[in-house]
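What follows is a set of notes on a single structure, which appears directly below.
Labels A, B, C and D are assigned to the chains in the order they are written; within every chain, residues are numbered from 1.
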Amino acid sequence: MSEMKEMIVNVVEKIFKDKVDKEKVDVVEEGKWAEDVWQVLQDNEMLAVAVSEENGGAGGDLDDLLNLYRLIGKYAVPIPFVETTFANVLLEKTGLNVTQEKATYAVEEQLNVSIDNGTVSGTIVNVPWARYVDELVVVAAGTSGLELVQVSLKDAAISPNMNLACEPRDTVTLVHAPVQQQTKITNEQLEYFIALESAAKSAAMSGAIDKAYELTVRYTKEREQFGRPIHRFQLVQQHLANLAGEAVITSSAIDNMIASIAQKCLQNEVAYTRIRIEEAAKIVAASAHQVHAAIGVTHEHSLHQYTRRLWSWREEGAGEAYWTKQLANRLMEVEDDSLWGYLTRTEKVFQL
Amino acid sequence: MFSLPTVQFTDEQEQFRLEVRAFLQEHLAKGTFKTKCDSWLSGSDPAFSKLIGEQGWIGLTWPKKYGGQERSTIDRYILTEEFLAVGAPVAAHWFADRQTGPLLMRFGTEEQREFFLPKIVKGECYFGIGLSEPNSGSDLASVKTRAEKVDGGWIINGSKTWTSNAHDAHYAVTLIRTEPLGEKKHDGLSQLIIDLHAEGVTIVPIKYLTGEHHFNEVFFDNVFVPDNMVVGTLGNGWKQGLAELAFERSGPERILSTFPLLDELIAGLKRQGDAAGMKEASKVLSRLWGLRNLSIGVAKVLEEGGEVAIPAALVKSIGTKFEQSIPEITRLLVRTYPRLEAERRIDRFMAESTLHAPGFTIRGGTSEVLYGMVAKGVVGQ
Amino acid sequence: MSEMKEMIVNVVEKIFKDKVDKEKVDVVEEGKWAEDVWQVLQDNEMLAVAVSEENGGAGGDLDDLLNLYRLIGKYAVPIPFVETTFANVLLEKTGLNVTQEKATYAVEEQLNVSIDNGTVSGTIVNVPWARYVDELVVVAAGTSGLELVQVSLKDAAISPNMNLACEPRDTVTLVHAPVQQQTKITNEQLEYFIALESAAKSAAMSGAIDKAYELTVRYTKEREQFGRPIHRFQLVQQHLANLAGEAVITSSAIDNMIASIAQKCLQNEVAYTRIRIEEAAKIVAASAHQVHAAIGVTHEHSLHQYTRRLWSWREEGAGEAYWTKQLANRLMEVEDDSLWGYLTRTEKVFQL
Amino acid sequence: MFSLPTVQFTDEQEQFRLEVRAFLQEHLAKGTFKTKCDSWLSGSDPAFSKLIGEQGWIGLTWPKKYGGQERSTIDRYILTEEFLAVGAPVAAHWFADRQTGPLLMRFGTEEQREFFLPKIVKGECYFGIGLSEPNSGSDLASVKTRAEKVDGGWIINGSKTWTSNAHDAHYAVTLIRTEPLGEKKHDGLSQLIIDLHAEGVTIVPIKYLTGEHHFNEVFFDNVFVPDNMVVGTLGNGWKQGLAELAFERSGPERILSTFPLLDELIAGLKRQGDAAGMKEASKVLSRLWGLRNLSIGVAKVLEEGGEVAIPAALVKSIGTKFEQSIPEITRLLVRTYPRLEAERRIDRFMAESTLHAPGFTIRGGTSEVLYGMVAKGVVGQ
């Protein structure tokens, strides 16, 4: 990371350390809105980090944003930061105007949303934070292909729902909702957005993995059993080694994925990362809970704020099933005669 | 090597299974209960327990004079399997049926049996287990709760934790220090039955990570327990408690806690005609079958009074890993969106299984403790 | 097991304990024939345990035989005991005459062997012990369906080969070899024979698992590291617990499978057992070797005589791929509305 | 958390990779060597090592004055990857290149460097490692082999075991007790280079479970070692030895030992058009990618002189499990009949991988030892 990028990450991490603690996450999970967290990010102009300067942003890159998403996972940050910033990425990448409002998005292969005569109709499930935000950026089927559309959620019926981490995942019903802005996109663009969104979730998951690992290391130092700190027991050491391994591998995977995205060459890196992180999420959640034992499954302890996010996020966006299929298709089609040649190729694929 | 018997169910046993199943299906259809994963811990429903009591299905193996049916352990095994396979809410009477009854049968006084067992079989008297204490963790013998002898009984001070369903229960069987801590911490412990509605008892919920209330911390502040509530021999509580463990560790509840999800997975794969997925899922059945043979074999030996501490610990350690694996396997074979309030059964079962899974390999003896126990056992053989 | 059955098992176990040690297995792996082992089994009439009394056997059942096959694995017995006795099972179950000679068999779904005008032609790979035995019982394609055929291996060209355990697995080429005896069999019979053969391999594997487990327990008592016996280390205890678990589950699986076969009801038990035992073989071989560390991968130690058999046998006959496909097909077709109903059904399927 | 750098290969590095690959493919086609799994341990071929030496590919990173190329650690990483991916027989010069050279560069005398390094880079001088002793197991510091000071040198008595390729090697770097055992067993140990053809040295093969000869026990009976063969500081042998370990544990040889089998698996699935199988296999690639990033990141930090003991131990413990998983995954996706002499490559690679796999998590530090090391490291951070 450049110094500039590191500074941004440090500023935001400091904000989260100050503003987001266990109790904050608890009250948001119970249905409150964390205005103070939102406000301080807005005051620090962190909501437009990746928006270009001519659009009033800080002119940062996708990689700044992805590094910030790690912090969302690491502090279980209970506001639609990913959603708002990613909605703006979608808007800006397709030449639309960015929004200053709170926003969310729905980008999937199969959406039952259609656009007709300047209005949008359809029902979308699991829209993050819909009830709290103003704008929705969504991919809709137009009469002659895909369109990226922005609609106001004031024009939508919203039925609240949530994921395992009690994050809002609402059902949004649009009936002839007026389009705010729209533009055609290609199938390749949609695929690219799906990949970016999957990368964003991976980054957030990696942050939650880091935190679960850290909490566990700390616990093994504090907790004693049979007269000695539990990190002295070989079976606990095995858990710690497994956790450290998953943490360092996922963290390095994210670094490498971000580097690939920054170079606009995200051949298979998003796929590898997401698949590996879902596997890591399983191992880390299981090991962290096993070491924490009974105390870790109480609501009072903070561990579950991270493990429940891991269990939720791994099911959101393009995940293992999507990516193994993509990889399998590519492997079937490559003309290299050897796997090694394919793996070490550095050809660039997405050039958007 | 341990050798365990194979069990072939008799025609009467098959018949009994179908009878239980029909009853449960009827009540499922009626809406008396809703299928739930891990229902033996998280599905407390006193009304349902009373219904089960009316069927004669609590204390099934107990003597008729206490209201039992004097049926075989295998019958009880079948009954339990049917409850769990359909995820019935049996948590309220669970511990009284599984642990308290057998304990009283083995160590209790006639007075205790006559007083408690008929109430238990009716599904009207529930028990909590007061074993763990704050900070005791796996070191269960580090008991600090103490009893002081007074005229006609004991005065209890201290606290117990992780007591499942104490808030629904009427009594708790507790492990209490009745003699001052000596050289061996396992000595001087006794089992006392404490009335959870007695003066000085405070029950504080411990919220599960879902926010649900299954566990409690139970505080005792000068609680009087009469002499006739001591179970078995004073000072022998640790050994008496150990004897229960093989029962506690080897039952179908160490294999089937997430079975409703597996059922739903197979149904989904069938609907989708997903042959490759079904091949993967069939491996799960092979594991289930292996564990079930083992668990039934242990039940059979237990009935005959044999020694099965090691295979029972193996059912627990391997079975609970199996239960945990079901949501992880499911999510790789079908797309789910886990949600506790979901309409799709598979989403709801995924949520219940995923959120409850961490506890499987912790409750009733962590896997780590069990490995040590098994190893010591096999090395000593 | 009945007392009679137990006695047979005890007699044979005593023979193997006496006659089959590490050195014996070594020399056979190097290409010798263990005549003394063969002879003592013959002298004790153990080669015809499961042959009916009217055919000159002991009148035992399949379950006697399967229990003896466990011992073949447990002592790495280097003679064609399974092959000869199973060839006779095939002959007798189809109404042919049993053979008094050493024999082997080839029973698979896809065999390139055809029968025509009283002679048999084709090439069969991996025929166990072919070079050492006299007779081959093989499934061949006749002009109007499947035939079970016996040919003399004197009439065959045999090219030696071996599996990972250095057991003979030869290529047998038949060119118009004269048929000794033959009979038509149905597809269902072939399926049944394939299942029985798979069950036989499972039984043998379970014996090798038992031995690998026993060797490991013994080693952890004898071996010291850092001043104490290694069974005192938690990570070794974890291995021991895993090994004990696999050993007891597979042993109990075999008992239950044998009981099902004895009741001529082998619905899914053979499939479940074989799949589970292949999994156990993996876990047991890995854990046993890990505990034994360097000493266990030396040729001098006996552990590999069991682990190499596990790695070899799991690839022979109908294995995981075959049985998961069968199970999946059955699951797709059952009319029960619930899995639990299907699993607890006790309907009998094969009634041969 | 540990933070490791990401490495983007330069165009020159990509070019170098292709150059190495073309060379290896040419010799593979010519029959100079045959692809083999675990070839860095089991593929000793002095003729091939000489060929590699001629290319300038031994001691690639070493100073030119010793015959090296002064290339970067990343270049060496690429070279090693290419060797392993194609399973080239690099075992003969392996330890000299990976361990002895760096050791001498760091601790050796100028005389030692000038004497040994130019021979090593030519592929004509091989080293064994004399670390383990009979019964030492994971307790590597329990060294009994001792050196007695005599005029002009040392007299060595004792034995070393598990010395790979000692029978092909010319020298061994050994860890020897040069001072009597004191309170701390790690003190008083020194590293000495022993000429394996010296009088009093006996090399006895230890047959691998396949019957193959890779390992040896090396006996020293009054072997004279001149003073100038002491490496570094007397009594500092343990610490010097530890410094090598991060190099030894974090390279691609902890990830790619069974790569030829994976390659063959993917090719097979492609031929069969098995999409479901390919989906499974693609997960393996994801794991490989994760490990490779980690391993390259460690190589980069090592080059910069940073501290990477913990991530290096993680590459070893997770990477070797990965290597072991390849045959187990393969057999579930395609039918194989493993045989060392098989004609089908996949059968042969299965045999090599399966039979060698047990050693992966034992050699160079067992997984159990590594877990403890990592845990101590992360708790101390």
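Throughout what follows, contacts are C-beta pairs under 8 Å (C-beta built on N, C-alpha and C of every residue); 3 or more make two chains touch, one makes a residue touch a chain.
From a predicted model like this one, the values you see are computed outputs, not experimental measurements.
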Where subunit A and subunit B overlap in contact partners, by chain label: C
Contact-richer chain pair [B-C vs C-D]: B-C
Whole-Å gap between the CA centroids of subunit A and subunit D: 40
Intercentroid distance (Cα basis), subunit C paired with subunit A, Å: 52
Residues of subunit A whose C-beta touches two or more other chains: 233-236, 238, 320
Per-residue multi-chain contacts in subunit D, two or more chains: 368, 371
Graph class of chain-chain contacts, one of line, ring, star, complete, other: other
In the complex, subunit B residues that touch subunit C: 1-4, 6, 8-9, 14, 17, 21, 81, 85-86, 259, 262-263, 266-267, 269-270, 273, 275, 278-283, 285-291, 293-294, 297, 310-311, 313-314, 317-318, 368, 370-372, 374-376, 378-379, 381
Interfacial residue positions of subunit C with respect to subunit B in the complex: 210, 213-214, 217, 220-221, 231, 234, 236-238, 240-241, 244-245, 247-253, 255-256, 259, 263, 268-269, 271-273, 275-276, 279, 320, 323-325, 327-329, 331-332, 338-341, 343-344, 346
List of subunit B residues in touch with subunit A within their complex: 132, 137-139, 162, 206-211, 215, 324, 328, 331-332, 335-341, 351, 354-355, 357-359, 361-363, 366-368, 371
Residue ranges of subunit C touching subunit D (in the complex, touch as defined): 125-126, 161-164, 223, 225-226, 233, 235-236, 282, 285-286, 289-290, 293-294, 296-301, 303-304, 307-308, 311-312, 314-315, 320-321
Residues on subunit C engaged by subunit A in the complex (per definition of touch): 233-235, 238
